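Same chain, two partners: chain A is paired with chain B first, then with chain C.
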Partner chain A sequence: MEFWNGKALMVDLGKGEVEDFEIEDLISSLKGGYEIVVELLKRFADAEPIVIGTGTWTASFFPSGCMGFVLWKRNGKSFCLPLNWFFPVEFKLTGFDFLVIKNSSSSPVRLWIRDGICDILSAENLSNKDVWETLDFLKEDHGDEKVQALVTGTGSPSALSQGYWGGFDSIGAGEEFRKKNLKAVCVRGMGSISISEESFKKMLKLPRGKEIGLSIGEELKKFVHRRSACFNCGLNCYPFFMIEDDPKILKESEKKEPGFIALDPNYLKEGNPKSTMDMLRKGVHPSGLKEEEIPSSFMEFAGVDGAVVKELLNYGICPLFFRVALQTDKSYLNF
Partner chain B sequence: MDVFSAMMRIKEGGVAFMDEISGTFSESPDTLQSPLELRIPLIGIYTGKGASHSWLWAVDTFERYGFEFIVPFSEDESHLISDFDFLFVAGGDTFALAEGLGSDGASAIKKFVMEGGIYIGSCAGAYLVLYTSKPPLNFFNFVPVEIANFESELPPVRAMQEKAFNRYACCFIIHPVRDEVIIETSPFPPIFLKEKISAPIFGGPVFKEPEKKGRVLARFSSFTDRTIFLFDRDIAERILPGKPAIVEWKIGEGAFYLFGPHLEHPSFKSANSVLLKIIAYNTGKMRKRNSNPELLFRGFPVKLSDSVRRLVSDIFMKALSIGDMKAFWKIGEKYYMPEHLLVFARAIHKRIFKKKIFVEDEETKILEESLRISKEILFQLTPSTSEERMDLLISSLKTALKIFLRAYFRKGEDGAFKLSKIS
Partner chain C sequence: MKIKIDTIKCNACGICEYACGYHRDREFNAMSSSIMLHRVEKKDYFGVILKREKDIYLARPEGPETLKPGESAGGGASSKPIVMREPCDLCRDEEFRFCVVLCPTGCLQVEEG
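Right after this comes the complex of A and B.
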């Protein structure tokens, strides 16, 4: 099945059980990742699921094919947290397209997913760990620097952090994790998805985008060490701010926590890098907790409205890239 | 039709022929002067003591082109050799290969070739069967061809000190270049084509002219932008160009084919075609040997347990993550680096999730235990890990791979094979 694994993973935290199931019918009958997750939420509504999803072109050669999302319902209302950076790609390459997390665990747990295998592991030792400590532990425990994780920290309200660098969770995904006693979902993608020669050639001809300007204050600019991008994206949105070392050094700092990237530019509004680092470490979002279906900070970042975000989450491509590099031209989406 | 499509045709259940006179391939014998019917031969690949990771290149290449009757075997299984059509011994540590196979292995190889088997030796596998007076190598004095990369004084090493030479008695076997070189093949059987092709060399022999029963099937020709010179270039220019790179030596009803470069390396398709032609031609000429009913497998393929899959996954992930660790370990005469571990780990990882395999309970136990040991050492690996631990890691990975690949390449009851009496 081109672009997809054709499988979803289901974890029942209440029973401590894991199973996978085929979803080829959903993939062929629905538009893409977002619509499929809406359907999965309906199917498993009794178990108060959180569903993590990817889009058609997540982990493909389509430029900016880095997107995924977390979807859940609270008091009958839907919430959608877009994910960028590397977690969605890494997740899709574990062999699953979607993750349905049902019910709640009686004790703190974490999920470890790779190569079509999922383990529910104890997270008792991580209960009081912040985001960065938790990530450090996961990398050490799984023996690989390249694991990606969605993690909750010690903040209140708790935001869901994409690795070390926060994210757009001002709508309570982290709190949903907490309710389920789920500390982290850690993934390592070592598989591959199938892409036809024809699709590959088409994707290579798509605009790649170029580095966008930074809208940050002059004081912060002094700390910029380098620029980074999400998976397969030319926009290079994210500066790394070197706080504890000289930003002019050309190599990696040897300090343990030399600086940070903030995936949501809202973390930078205060203009104080030390307090930003502190928020990232604890796992709190600068906007606190809002009752929004899609975080307004993500829509501001991407410069598009919620309908466009949902549309593009079907495909797994970045709304900002769609606006800037593809000039909102939907003909690029007709494969 | 070329050799690749001929072999793929056979794999897919068709027939293909090679002309004994011209080397042409065809799906119809009527179009050829002297057609040899091709089949998929049974190839034994040595994985035991002394073998490095390069036998896995052969596995990849054979599998890619449809040679799926592959039996990896180790030093304590030399009794299996007589069942094979071809015996492939790839690179590694020549002395350790000789120690591992020992006099029993040497006798088995000699009997195998005398009775019509084909020995293919690449790199250390080629050095192994050359004449020497040094025990235990002297058990393997089968091919009286000398090497040209032998110096009484060591010239100044310019790169990769640890890979540039091996001491041998009072002298040195030197490796003037590494990586890609150009060789020129010969227009007579089994290659039938004079052409220049690229192939990688990683310490393999440069032969002197063979006498009597020996024939040169390819000669070193020149270097490329990817050739790495480990000594001054003029030394390489003196030693390689014009010298034999592939030698055929016939004994009894069989033959030895010795390669300086690694023709089995999966990234060198032209080199692979030479290897495949040697196999195709000899298969066509060979009487069918592997009719032992012991080789038939009765049972059902199974998916390996989650615990085995977890171990494979963890090992591959760790091997990926340490790929750029700056370290090396000397085991015998062979240097191992973290990148070599990835070759082992990838070989099992890329296959284990692909299909169900024919595996026995006892094999699964050995596989799981070998993987468990491998994981334990790998997860503690640092540049200061001892050579003994590294040796244990490599041998555990090789054992796991031998068991796994043997099961992976088994087929069902219809004409498939099983080597039930394994260690």
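Right after this comes the complex of A and C.
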């Protein structure tokens, strides 16, 4: 099945059970990842699920095909946390397109997903660890720097962090993880996604984007080291702020924690790098907890409204890239 | 002709690995790629490693290094080390060098000669 694995993973934390199921019918009948997850939420509503999803071109040659999302309901309302950076691609390459997490565990656990399998492991040892300590442990434990994870820390309200660098969770995904006693979802993708020669050739011709200058406060500019991008993107949205070492350093820093990236520019608003690092470590979002379906900070970052975000999550491409590099031209989506 | 790597332009987006994988397997997969992104995310240290016919080229930001067979540069663990991979064949029989065309920053270029 082109662009998809055709399988969803289901984890019942209450029973400690894991199974997978075919979703080819949903893929062929619905528009893409977002619509499929809405359907999965309905299907398993009794088990208070959190669903993690990818889009059609997450993990493909479509530029900015890095996106995924977390969807859940609270008090009858839907919430959607967009994910960028590297987790969604790494997840899709584990062999699953979606992850349905049902019920709650009686003790702290973490999920370890790779090669078409998933283990529910104890996270008792991680309960009091912050986001960075947890990530360090997971990378060490699984023996691979390329491991990606969604993690909660020690802060309150708890924000769900995309690896070390936070994210846009001002809407309570981290709190939902906490309710389920779920400390982290950790993934390493070494699988394959089918892409035809015809699609590959079309994707080769798409604009790849150029560096955009997101505004950075004067007090932070002097700390800028190198700029990074999310998977398969040329916008280079993310400067690394080298706080504990020379920002001009090119060799590997000998400091253990020399600085940070903030995936949500809101973390930078105070202009106080120590305070930002502290928030990232603890796993709290600078906006606290808001009752918003989609974080307003993500929509501000991307410069689009919620309807566009949902539409593009079907495809798994970045709304900011769509606006800036594709000039909101929907003909690019008619593949 | 060879692949020239301007590491400072790299933004660690990682698409080069999958571009090479597509040349090898005609799938979206990085396990058979001749090119690898080396990244220590927490320290913002990243560069590109290219397996060539007779050596391994480490395009480090502080300056390149070439390793001959049997030499080691240390570094973290990998699910499939570069020494176990096929060397770059410059996308033999392809219309383009896939990693060069897909690299969004111009970090990877073709150098004639």
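Just so we're on the same page, the second predicted complex is superposed on the first by the 335 of 335 C-alpha atoms of A that agree within 3 Å, B and C clash if a C-alpha of one lies under 4 Å from a C-alpha of the other, contacts with A are read in each partner's own complex, and residues count from 1 in each chain.
Basically, a residue touches a chain if its C-beta (ideal position, glycine included) is under 8 Å from a C-beta of that chain, and two chains touch if they have at least 3 such contacts.
For clarity, every value in this text was computed on a predicted model and none was experimentally measured.
With both structures placed on the common chain, the touch criterion links A:144 to chain B and to chain C. Shared-chain residue A:310: touches no atom of chain B or chain C. By the touch criterion defined above, A:164 reaches chain C but does not reach chain B. Judged by the number of chain A residues each one touches, C leads among chain B and chain C.
Of the two partner chains placed by superposition, chain B and chain C are both touched by A:191.
Once the two complexes are laid over each other on the shared chain, residue contacts for A:178 go to neither chain B nor chain C. In the superposition on chain A, A:285 contacts neither chain B nor chain C.
Once the two complexes are laid over each other on the shared chain, residue contacts for A:252 go to chain C alone; chain B is not touched. Looking at the shared chain after the overlay, A:116 reaches chain B, while chain C stays out of its contact range.
When the two complexes are laid over each other on chain A, chain A has residues 143-146, 188, 190-191 in contact with both chain B and chain C.
Chain contact summary for the complex, chain A toward chain C: residues 59-61, 63, 86, 93, 132, 135-136, 143-146, 163-164, 188, 190-195, 197, 200, 204, 208-211, 225-234, 236, 240, 242, 250-253, 255, 257-259, 261. Across the complex, chain A is touched by residues 306, 309-310, 312-314, 316-318, 320-321, 349, 353, 379 of chain B. By the touch criterion given at the top, residues 95, 114-117, 119, 142-146, 188, 190-191 of chain A touch chain B in their complex. Remark: chain C residues 8, 11-15, 18-19, 22, 25-31, 39-46, 60-63, 76-80, 96, 98, 101-102, 104-105 touch chain A in the complex.
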